[in-house]
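One structure follows; several queries about it will come next.
Which chain is which? They are A, B and C, in the order written, and residues in each are numbered from 1.
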Amino acid sequence: MADGVEKVRIDTAGALRDAAITALLAFGLFLPLIGFQTVTNIRNELVLTTRWPLLFSIVAIVGVARLAYSFFFAPWLAQRRLRPVAVTPPAWRGFVGKWFVPFAIGFVIVYPAIVIASLGFGGALKWVDNFGIQILIYVMLGWGLNIVVGLAGLLDLGYVAFYAVGAYAYALLAKEFGFSFWILLPLAGVMSSFWGILLGFPVLRLRGDYLAIVTLAFGEIIRIVLVNWVDLTNGYAGISGIPRPSFFGIPFNADDDGFAATFGLAFSPIYRTIFLYYLILALAFLTAFVTVRLRRLPVGRAWEALREDEIACRSLGINTTNTKLTAFGMGAMFAGFAGSFFAARQGFISPESFTFLESATILSIVVLGGMGSQIGVAIAAIVMIGGTEIMRELDFLKQIFGESFDPTQYRMLLFGFAMVIIMVLRPRGLVSTRDPSVFLKERKAISADLVKEGHG
Amino acid sequence: MEVFLQQLINGITLGSIYGLIAIGYTMVFGIIGMVNFAHGDVFMVAAFVALVAFLILTTWLGVSSIAVALFIVLIVAMLFTSLVNWIIERLAYRPLRGSFRLAPLISAIGMSIFLSNFVQVSQGPRNKAIPPMVQGEFVLFTQNDYAVTLSFKQLIIWGVTAVLLVCFWYLVAKTRLGRAQRACEQDQKMAALVGVNVDQTISMTFVIAAALAAVAGTMYLMYYGVVSFSDGFVPGVKAFTAAVLGGIGSLPGAVIGGLLIGLIETMWSAYFSIDYKDVAAFSVLAITLIFLPQGLFGRPDVEKV
Amino acid sequence: MTIAGDILLRVEHLTMRFGGLVAVDDLSFEARQGEITALIGPNGAGKTTVFNCITGFYKPSEGRIGLCHGDAAIWSELDALTESGQRGISRPDGGLYLLERMPDYLVTQQARVARTFQNIRLFPGMTVLENLLVAQHNSLMLASGYTLLGIFGFPSYRRAERASIEKARDWLNRVGLIHRADDPAGDLPYGDQRRLEIARAMCTNPVLLCLDEPAAGLNPRESAQLNELLLSIGNENGISILLIEHDMSVVMEISDHVIVLDYGVKISDGAPDEVRNDPKVIAAYLGVPDDEVEKVEAEVGL
């Protein structure tokens, strides 16, 4: 191997043995839950049916995949390891790095126009709503949580609680008092922030996983209260008929004083969707802008310093409790904004939307994206949320697997699987370098190996 | 008084199940410092394996003795669940060992989502109910028309938990594997230097954790007679709460924490509000951590400057 | 109005117990304005514990730690301050602080005591320059109007930020790290990290700089550079230094005053030459066989 060009030898017998072992393990793994299925029969008793063909095809697929790994992927990996590492990154990288952000911003601004131009009003609705608005909500939540987890290094597993506070604050106040969206948006942010600081105060001296578990507990407590305080929240049934945002006072409806009539257009539901799209886009940009600004301010640097070394921070005269609280409150505020947007967009909210799974999804977007990196978080949100949304669109698979096959069933299955795979392949996330907040002569990206992840 | 006694019995039963799961959390945390978020779902998978095994035994093989059936179900569930957890550790956690602290946590959350959805897809989303396995109860005494009872299945849960805890204690305190585990907890590099196979020890930790979760899963199925794909999360979080309450890393702490959480939950349901029983458990967790961050039996975490 | 030679720090009857272990036992000493005071002693003598008590990381079990800014006449109010239950007094002509009553960050922020750590604690993922800006957090925070003015980009904040970058640049020049300003601190070699940590502590604008083994792990050349740096901090900036050190070449060359600890007890206190020849110190450092303890103790008068 000295010259680095020698072919990696493939051990055929070993590969076959490995494949056999893997297949055997897969058989053991899948035998109870795929080999057998519990079904309720006509007399309402639970009985077993078998699925041997499915079990054996899965086992065969796993075995063949292992074989393919030994024959093709492993040699390729070994070859790649032998190749000398390029010292300077190729020129296109710098080019892409420089133009990616402006291009991406331009793209999201014209996205609804592109979709409408190519699909027409009817077809575009779904693409603007499910892929545009839905993803942008998660981008915004990811950016908000990024302040807490990525910058300040505080592991928060109950972030969805503040999203819920924002949503319920909007829903209840808008229904009860008829305040407009534009009054309630900042109010919801302030209320979430208040809750963030209130919950943060006793727990922020906890460290690491303890903080994670207490925030998870608080998230669950808030959800359980939302479920059980029926007088206020209507429990599981949720709140419906939440007032929708208007275009600066002009409602989006088919009336004579509605948006379409006012501007002399034919009525279509897409106007509201497009308005909501730009609204969440503006909110997401606000989050990003504020975060970028804060990073260059002493408070932002103190957050990052806190993530790097809390004791050193204290030795420099930084009040770490206040610093953590500002991070917590700031993150909660953006969750509150996103929550009130969510309530206004859906017109209906229930505790179902604020489960631990949501917190886990947002946290995974932050970590998968690369902690602290805004571009990474946005890409992760697009991949994870867009990926699961696209599962709804794969109807052609029915032609392969039969009519009873429903790809949406597999959405969360693949979502969980993807989380594991991305972590195993890129433990530091997609964008793993840190961009310094200030420089004297030259801005150099900092390798992830040096950046700490915080203990709080 | 009679309500209190009845709830004490119920609470200890529930607490035993939490305690068995909590040991898995505390062991894994002790040895690799990771919150194994998927552990609650491993418990749920175990309950499903037990369900399938039980149905095979009773409806296909016609085993009529419940004692024999239960014993076989327990063994089968332990074996398969151990295999599942062993593979999970190999695929999802081992490649991340020694890397970034959050990576295994996210991987475990992903695994948790994967497992519950895997069971949902492969077994269907409906609750799976079976006829009661064990019936009958002792009436301890009756007062004011309220009979305080100890059912056979509660007795079985107490007995099985006690026997397993003794076996488990022996394994950790007296065997080579237990010593290797404790060595890895202290310092993995040093343990490797003195000849402990660290990878294997960690794998075995996951296997033992899964076996105990499998016992808990089987007991859960027997006690409630119903299981669904979403049953992993809440018992999982409560068992983790128990582990933290007892002092994470401490094995007796996990068991006692489990019992406490079980008791708090049943007592709260009886005397206050059943709707808010989870709030009670989580509040206890938050309060413990704020005032006693190392838990009841944990070593205090001295800040080194 | 500071006069070299006035008392700056007064530690009285400081005792620190961890459970049954007495790490520091009834220790009293003084450090003077503009001087370099060294705290030496064998491993485990309790030196770092004393540091942690002074800088607020530990709450002492007993004792009083007073620190004075400006005119030393204010020391006369020490007992009144202790009685009053307050943390300190601050007046235009000076201030007096009871460090044992202050949380760690206030010791730096108000009493202006800065410190470094035995096992260097930089922010490894931040650049050298960022490390020095974090040290100026409190003044920048004020300038940014607690973030409100900063977020809208007020010019007053931008001026303040430029001034702090200038200050950081000065310090980088003095410790010879200006060419590494934009590199992550974790990438620096060990000796550079030590100097950066001192520069960072100096950026908090202290009156007393506490250095925990600054020469540990340095080669002789780096150690000599360190001596120069510490002397210049004392001479040019008039800042007093409290130093824990094992490297006797550093201690004897630069300190004005040496205090020797052994098992948490002060065994010697004086000018470097006096301490160097103190038989108790020699016994503590070199150790004597058990059967000779009594003889040696008789000789040294214990």
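Everything that follows uses one rule, which is that a residue touches a chain if its C-beta (ideal position, glycine included) is under 8 Å from a C-beta of that chain, and two chains touch if they have at least 3 such contacts.
For clarity, every value in this text was computed on a predicted model and none was experimentally measured.
S.K.: From the centre of chain C, which other chain's Cα mean sits the farthest off?
M.R.: Relative to chain C, the chain whose C-alpha centre sits farthest away is B.
S.K.: By Cα centroids, which chain is closest to the centre of the whole protein?
M.R.: Measuring from the global C-alpha mean, the nearest chain centre belongs to A.
S.K.: With contacts counted as C-beta pairs, which pair of chains has the highest total?
M.R.: Highest contact count among chain pairs: A-B.
S.K.: Could you put a whole-Å number on the gap between the CA centroids of chain A and chain B?
M.R.: 29
S.K.: Quick one: chain A and chain C, Cα centre-to-centre, how many Å?
M.R.: From the centre of chain A to the centre of chain C is 46 Å.
S.K.: Where the CA atoms of chain B average out and where those of chain C average out, how many Å apart are those spots?
M.R.: That gives a centre separation of 50 Å.
S.K.: Which chain C residues sit where two or more other chains touch them?
M.R.: Within chain C, residues 57, 117 contact more than one other chain.
S.K.: Please list all residues of chain B that touch 2 or more other chains.
M.R.: 303, 305
S.K.: Can you pull out the residues of chain A that are in contact with at least two other chains?
M.R.: Touching at least two other chains: 311.
S.K.: Which chain C residues qualify as touching chain A in the complex?
M.R.: 55, 57, 104-109, 114-117, 121-127, 129-130, 133-138, 140-141, 144, 146-147, 150-151, 153, 157, 165, 169, 178, 181-184, 186-187, 200-201, 204
S.K.: So in the complex, which bits of chain B are touching chain A?
M.R.: Touching chain A from chain B are residues 29, 35, 45, 48-49, 51-53, 55-56, 59-60, 80, 83-84, 87, 91-92, 95-96, 99-107, 109-115, 117-124, 126, 128-131, 233, 237, 240-241, 244, 248, 273, 275-276, 278-279, 282-283, 285-286, 289-290, 293, 301, 303, 305.
S.K.: Name, in rising order, each residue of chain A that touches chain B in their complex.
M.R.: Going through chain A, the ones touching chain B are 25, 28-29, 31-34, 36-40, 45-48, 149, 155, 202-203, 206-210, 212-214, 216-218, 220-221, 224-225, 227-228, 311, 356-357, 360, 363-364, 367-368, 371, 409-410, 412-413, 415-420, 423-424, 427-428, 453.
S.K.: List the residues on chain A that touch chain C in their complex, please.
M.R.: For chain A paired with chain C, touching residues are 290, 293-294, 297-299, 301-302, 304-305, 307-309, 311-320, 326, 434, 436-444, 446-447, 450-452.
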